[in-house]
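Each chain gets a letter, A, B, C, D, E and F, in the order it is written, and its residues are counted from 1.
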Amino acid sequence: MRPSGRTASQIRPVTITRQYTCHAEGSVLVEFGNTKVLCNATVEEGVPRFMKGQGKGWVTAEYSMLPRATHTRSGREAARGKQGGRTLEIQRLIARSLRAALDLKLLGENTITLDCDVIQADGGTRTASITGACVALVDALTYMRSKGIIKTNPLKHMIAALSVGIYEGTPIADLEYTEDSEAETDMNIVMTETGKLIEVQGTAEGEPFSFEELDELLKIGKHGLRELFDIQKAALA
Amino acid sequence: MRPSGRTASQIRPVTITRQYTCHAEGSVLVEFGNTKVLCNATVEEGVPRFMKGQGKGWVTAEYSMLPRATHTRSGREAARGKQGGRTLEIQRLIARSLRAALDLKLLGENTITLDCDVIQADGGTRTASITGACVALVDALTYMRSKGIIKTNPLKHMIAALSVGIYEGTPIADLEYTEDSEAETDMNIVMTETGKLIEVQGTAEGEPFSFEELDELLKIGKHGLRELFDIQKAALA
Amino acid sequence: MRPSGRTASQIRPVTITRQYTCHAEGSVLVEFGNTKVLCNATVEEGVPRFMKGQGKGWVTAEYSMLPRATHTRSGREAARGKQGGRTLEIQRLIARSLRAALDLKLLGENTITLDCDVIQADGGTRTASITGACVALVDALTYMRSKGIIKTNPLKHMIAALSVGIYEGTPIADLEYTEDSEAETDMNIVMTETGKLIEVQGTAEGEPFSFEELDELLKIGKHGLRELFDIQKAALA
Amino acid sequence: MRPSGRTASQIRPVTITRQYTCHAEGSVLVEFGNTKVLCNATVEEGVPRFMKGQGKGWVTAEYSMLPRATHTRSGREAARGKQGGRTLEIQRLIARSLRAALDLKLLGENTITLDCDVIQADGGTRTASITGACVALVDALTYMRSKGIIKTNPLKHMIAALSVGIYEGTPIADLEYTEDSEAETDMNIVMTETGKLIEVQGTAEGEPFSFEELDELLKIGKHGLRELFDIQKAALA
Amino acid sequence: MRPSGRTASQIRPVTITRQYTCHAEGSVLVEFGNTKVLCNATVEEGVPRFMKGQGKGWVTAEYSMLPRATHTRSGREAARGKQGGRTLEIQRLIARSLRAALDLKLLGENTITLDCDVIQADGGTRTASITGACVALVDALTYMRSKGIIKTNPLKHMIAALSVGIYEGTPIADLEYTEDSEAETDMNIVMTETGKLIEVQGTAEGEPFSFEELDELLKIGKHGLRELFDIQKAALA
Amino acid sequence: MRPSGRTASQIRPVTITRQYTCHAEGSVLVEFGNTKVLCNATVEEGVPRFMKGQGKGWVTAEYSMLPRATHTRSGREAARGKQGGRTLEIQRLIARSLRAALDLKLLGENTITLDCDVIQADGGTRTASITGACVALVDALTYMRSKGIIKTNPLKHMIAALSVGIYEGTPIADLEYTEDSEAETDMNIVMTETGKLIEVQGTAEGEPFSFEELDELLKIGKHGLRELFDIQKAALA
């Protein structure tokens, strides 16, 4: 029995609210249960220096937790003067994942920045960020086409992400904080709507896991991700 | 005629939503029209080193704008590695103002941190922060009494803040961005519910202003602040 | 009776020494009693990026206290690796005030930087800085005209600044440190020689202050500022 | 055909030189072909603050590339004033992996730091680091037992790491730089000598990969890792 | 013929003004011609962590140039967020030199910090700093004895410093900026009043120098340093 | 008797290994006994901004100690976020010395960066760095000529560096750590193969030293440096 009362493969209620703020070209509040992340997409002309002159666009991401998104307050990174390793690791994952959703050549020399700010955290903030940011990205692309900045839709496929893990010996999907903090193994899966993998990151927090357990985790993840694609589609309809 | 269509002394619709997030001891979303600020109050044992051993508490604040709270994206301070002068100036004002609302001796050697994160900006973010943070502070104090951390309520009086300014020669209240960016003079007033002043900051953005204009700005501000105190009271009822 | 033995409205002896150092285009040592600030004006071609192409000039300021300008040594900001909030707040005020003294269009695309370094502190360093920096600015403008960099004098009016406060219930002018540290209310006024306001910043350090007290503070400040303008004029004669 | 001329599952010649430097409690130069990493283990009394009082030890890691370990010089992180996201991500992985090799309770309140400095890079620096650091860790543990700092060997199992990837549609093991830069999918596997997984990180650099391809990558990785365990054992014999 | 019109061994007029500011335990303005450095000595209880428990005191130094001490404005280090290599090199030299003037055991576990702030620069700022700081140090020691903090004078001998160099093939003493910027060799000598060396730093700026030239530089330096000791003594009389 | 068993003027066995790593244009491992420094030379087109348009090249250097190059681990500067004063002082010395070896006009507008990374430290790391970096520089120049980047060899003369010091009253050459930590005086000499001086830095660590002792130190240094030039030559043969 999970602390959340959910079945092993059951994901939390997921809500995707578009146009959550008024200035961004794409603005999505994504909620996985009590985890709430604001994903804003910004379209800017030009690309970073290392990309110049290749006729291709760029997608980047920044991730942050509000100091009191968590049970106890964590110090503000701006006040400490640097972003922590966890933050950098997560925003690199978000950016890499979303770049894999686009044909960067069709984006022209433009940059889309995805700001994922965690308003409230209850496990799975990085996977919620990716899932929400993909919807914000689609809205930003629609904006770009409406303004004539791009002609062809660069989106190759939607992507979504889900956390899975081994909790008291059983593989479960979409861990909330109380489950996550006790899980032996923690895995994040980023998948395309066509059922292919963008990123798989599995970590033994306690005991090492077997190749068979990895297999089960992938299966349960794949199942939950199908649901997420349906929710994204409904939100974009 | 104001760009906003409001009369000179008319403030925007103000909404105060308590318990906006679930972890903080006080959590308020305050909205002044399109300006939306999340004010979270955190209670922690102990005080900063320079306050130790005085038997008094401390109130501090941190302020931040989400990168896309504004029309164009502004760089994330955590990524740049330092907080800008504007940020520091605002969070010093917020903290100073809220300290003036409390009898710090009654707080014991505890610290309350007010995190004011601007979700969406349309002028007046610092005054909205102070107005919302005071409500979050009250909730944090209630929490402290319920947990037996303090016995007596340290609140001396509610405080609220309002921006006023001279726009096309006329004093107006609660400027939104389009008004603010064109105003000749910009002033922030922090007042107690008993009608006394905590802070007055008036700045000539264009032409200098006369002592008479200052007087008019104070009057129009005082009027709008009365409304804010009613809205705070209603929210706390 | 004030600790300084002065009457309520009496300012300290003020000395303005021009050409204090030999390299700067304007170099002023300003003394308000024991408060001593070196104000150097530097003229440089060009403007910051955000001002380029507007045909206008820029005025900026930097403020610093030598570590042992005060009773106890304060850590050097360069060694700590960042400027504190108080420093940033003050230098923003100095720069804003001095920009209000000039018609930036007549300055051409040139920048004047005012470095205000506090050699010795005894209260009122920010107002002394503004008062002295305005004289250094005038010398820098004279230099620019003599070199043919500008043709018309961009100075609209002299500005000066004075601190006022409520000490033991009485409004007093030009607080020195022992008065300042005990004052209930502290206010800085930046005024033009034509009697208009550039900046008003009043803060309740202890008890909130009434609108009537604010009025009295403004009056006493206006009076002291008239004296400062005479001293500036004499120094420039 | 691989650019390296190797067969798909063939790893590079791997050399492990112990006692490479004279001061560290464990000092290993590990070479995977042209990739050369110096792994130094340092034993220090005490644990970081967040671990204090739990009677457990801690293992941490730092990773760095010498500026000219690569084809073109990359800026020195110490000179830039911060470690990049890639560096932080890698050193977090190394530390996490090695912690999984130990029973931290048997380590007592001591800390082992693993410094992995890349002398020369040709792909696979993070997996080489883990593989070499595990040997340095064993030497540090031996040192600790010889000094009576610990009584029981905390090592649960050796760990090693290998990179695998899909190159021109074929899964290959132990990619060198020319292969890595062209690979569609890149995966790092950290395994125990008992054949269980510590960490799996697979990333689609170009096209997404299928669950079947993931399976093949895991198989080829498992095979290569067996060889690495033999090399570690020989080095420690 | 020197640009300064001085003879080869002639030093500039040197002035030492004690009690230049009112707060520091020792406060000296030292002038070597147009080079003006304010040297403030601060006495504080305790020593840095690495010195604790040895029953010895510590002397440290910080050096800074005001931004407009020089012909063109140099960026403020506090604003850039770090002290440059030149600054660190100079303040290490000043501190090392002054530590050599004291018997640190007689200082008790107290720290003296010497802040050397260059008000105006015209060559030789580091040697002027050392020469002036030694006088400020003596005043701080007198203060310590008068307060009963120490009983015995820890001063072993006065120290002073002088720059010498090879200019157009001729060794000269006490270079001013125009001479320094053209000199082939630049050397700083720190000496005790008893004629022994604390520090010798000679650098070929252009052509390498011979052992014979080094000898001549030492001789001319020794001669000028004798004069500096007389000036220090007169100032302390 | 020296702790090392060497005679007063005897230097340690010195080894220079060229092409130590495969990517750099010059790559030298230099060993002075147990002191081992990797000196990599990188050739890059262009010069720093302050050198542009003068038709001259630039030589710069960076120095670092691996955290466990020493007996106890020293914190990684990249992790601390800044380079220490000692590091900056040393890398400025290395760069200055090597610039003195070249005719920068013959280098064209190109930059050579010398990265000196200390693998293992046992005293004299800065002098070993200079001695090894000069060989790496020669290899980089050979590379530049072979690629047609430069036509004429800019090398004016080889340079080498040696530490000397006074140990138990006797001048000795090439101090290792146990000697260095007990030496009363420490001196570094950088010389050209033609017997002229580039840099002399002598410091009294304990007692001041006499002009006669300085003379003896220079003599013993000159003698040891002759040996170093022979070893450089043999390595380059």
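We take it that a residue touches a chain if its C-beta (ideal position, glycine included) is under 8 Å from a C-beta of that chain, and two chains touch if they have at least 3 such contacts.
Every value quoted in this text rests on a predicted model; they were computed, and no experiment measured them.
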Number of hops, chain C to chain F, where each hop joins two touching chains: 2
Chain located farthest away, centre of chain F as origin (C-alpha): B
Equivalent interface positions on chain D and chain F, same or different at half: same
Chain centre separation in whole Å, for chain F relative to chain E (CA means): 27
Chain C-chain D separation of Cα centroids, rounded to whole Å: 58
Chain A-chain F separation of Cα centroids, rounded to whole Å: 50
Overlap residues in chain D, where contacts from two or more other chains coincide: 81-82
Contact graph of the chains (line, ring, star, complete, other): ring
Sequence of chains encountered when the ring is traversed from chain E in the direction of chain F: E, F, D, A, B, C
Touching residues (chain side chain C, partner chain E) in the complex: 21-24, 27, 34, 36, 38, 40, 42, 44, 62, 64, 66-71, 73, 76-79, 81-83, 87, 113, 115, 117, 119-120
Contacting residues of chain D [partner chain A, same complex]: 82, 84-86, 88-89, 91-92, 96, 100, 157, 187, 191-192, 194-204, 207-211, 214, 218, 222
